[in-house]
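The structure that follows is given in the form of structure tokens.
Chain nomenclature is as follows: A, B and C, assigned in order of appearance, with residue numbering initiated at 1 for each chain independently.
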């Protein structure tokens, strides 16, 4: 579709006006048709452009974090764990090294970290401090499209992070079955969405910063990070606190990663639960975020 | 430059005293108390729940790693070479890490915000307070908080049966020293920062230091060159000092670690005071 | 006072009406932010909503802008219901909100480009248009600057430039010059006046009477969510005030006591905490009458009536507290 075709019914006879200057090539009606169709992409496009403003952070989290964790946990801690004779059952009688065991968890964790970074202060600030949502809200974009655009842009950031991370996992030899292992990128993105979108919905409702995010970080993110079978199998925890893992998107996403990365075997029904739980959380969060954005922007 | 010099003394000097006659006259008004009191009010007035919750984080690490990972690892070599439980091994390290984290948060994020957005210090320095009063007042607040967390954490260690020596109680003042070092150094670094993005760099330094400083596994897993490098970093000294204290193996090595922090405290304070003066008392 | 509904000053056909509101109402809980207002705006008019803070102006603007749904009543913009045709309505509009909401993660020029993309406009149009608008807003030399480095006046001009990126026929301006210094205000007024001359419909809210007098062909005076009066600035002054006003200051304690001795001078007296106002058609004559009664104010001033006086008359309160 060329620009000429779209600007078929040009509103102004002249393309230029003495005071108004260049005239828009689109009529308001044409604009509305385009935006109804592609609005979410317009917003996502802008979201990704803004990421350049903090490009260094994006790059450092994408490259620095995997290096640090892989050296720290995958190599350093692994040498202690492996020499002490712990072995990680792949489920089919074979065992894997600690590095291979922990790698899918590190990847899934990275996605969760990006999710909590992109869906807390930035979202609340868009309503409260920078008010960045109110500008596009006055344009033909709808509130739901802002959410959709955010989800798309956030997805791109997740892809950058997990994609880079996966490359490092390969370099460190942390993936036993690269043939299916690369799909971990997507199970991690799904985990990031399952955690990030409900958080986005929550952040969109906050009126005052009373340290809620610090509380979320300490009482939700941290426990999930530590008790989700990340650094040790969930089974090595007392039964009384294993439920933390069960409700944690990180555990489900990590377990999916382990299946893909080294063929960890588990009942197919459990695998289905992992996928269904993550998809459900992501979709519910998305829908809630749309509702909360629409309500707050339409006040 | 000369013009500035002729202008600044009258602004600094309280009427009743000639600043030249006092120790650090132009920098210090002997009024840390007022800065400290304001900070206490501000903290307890608003975010006490958040503040209390800061104690939870190291406890979670201790429970998760100590029990979960501990069941895989069993025992490791302690400071004296004897085998100790994995939870006993990481607990003092986590205390050092939490002292670092709290102090760094208080002296970077918090100070940066007050410096650049709330313009709090500008207001304070327009009174008779000097930059050293402000810096020390803020650091004292951070230390109080650090001492509270350390006490709580030590109590949890006791409850988990991880305290084997009465010397372990000395971990609390030691944690305050570690926190003091990081707070004064962190404030000095923050005084050079201009944007929020630069704060991200702080976490890029903290994360590797946290993971690599013999917190979760002994330094011996690294090649020698890397070991030297890590031994130059402050957290390693904090971790080692805590670990030695926790089992009561106090030695000249412990004193060396302590000295490292005393130097760090002094250096940080000198730089911070200079910077605050350059920023506000032009 | 009964509600004054639209009494057209110029004959117009339905097709030239761009905005039409009838019994428009917006309720937050039990609070009536907008309490049944009706008005019509023909194409090309500059229409003002004058009133104090909290009168319901911004809420009305949000409903017109298609970002806040009404509780009841009818509203149509370009013949469309904004609650149903939000994107279509917003495609017609340029909006300058009360609080700047520029994108601080983007540079000055990129703010214009990004905003244009929200309208689905092609880059081939947006690139030259952005440069042209920067010129218009006198920000050409700031194209690559960070938004947070701009002064308040510059940010405001950038927001106005941004609102023009889609070449709108209707411009909504919510308190466009609040917080600006006098020079910046005059630059803005000049820009807005040129747009009006070019046929753009301006809808603006303000609590500055001079702004309303400068920019508005017609305005409604709003208080507590209801319309108190409607007309051109000159007609409103003619209708609700005298030609001139004498402002007398006798000192805070004496104003009230002296006011009693002023009875009978001019057409009407208004006693405020800090001064006494005498409404008269001949201010100088009224002032002479004051002296002839042996009363000598600390300061005195004869001026023409303004919308401030109209508002005071209609509501018994000052516009700016």
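Throughout what follows, contacts are C-beta pairs under 8 Å (C-beta built on N, C-alpha and C of every residue); 3 or more make two chains touch, one makes a residue touch a chain.
Predicted, not measured: the structure shown is a model, and the values here were computed from it.
Could you tell me which chain's Cα centre is nearest to the average position of every protein Cα atom shown?
Centroid comparison flags A as closest.
Skim through the chains and flag the pair connected by the most C-beta pairs in contact.
Chain pair with the maximum contact count: A-C.
Distance from the CA centroid of chain B to that of chain C, rounded to the nearest Å?
54
Calculate how many whole Å lie between the centre of chain A and the centre of chain C, each centre taken as the average of the chain's C-alpha atoms.
Here the centre of chain C sits 44 Å away from the centre of chain A.
Roughly how far is chain A from chain B, going centre to centre by Cα mean, in whole Å?
Each chain reduced to its C-alpha mean, chain A and chain B end up 33 Å apart.
Counting only residues that touch at least 2 other chains, which ones in chain A make the list?
Touching at least two other chains: 54.
Spell out the residues on chain C that touch chain A in their complex, using ranges where they run on.
For chain C paired with chain A, touching residues are 28, 65, 67-69, 78, 85-88, 90-93, 95, 97, 99, 101-106, 110, 114-115, 117-122, 124-125, 128-129, 132-133, 136, 162, 166-167, 169, 194-195, 197-198, 200.
Can you list the residues on chain B that touch chain A in the complex?
Per the stated touch rule, the residues are 46-47, 49-50, 53-54, 56-57, 60-61, 63-65, 67-69, 71-74, 76, 197, 200, 204, 207-208, 211-212, 216-218, 221-222.
Could you list, by residue number, the parts of chain A that touch chain B in their complex?
54, 56-57, 60, 64-65, 68-69, 71-73, 75-77, 79-81, 84, 86, 210-211, 214-215, 218-219, 222-223, 226-227, 231-232, 236-238
In the complex, go through chain A and note every residue touching chain C.
Chain A residues touching chain C: 3, 6, 17-26, 28-29, 31-32, 34-36, 38-39, 42-43, 45-46, 49-50, 53-54, 130-142, 297-299.
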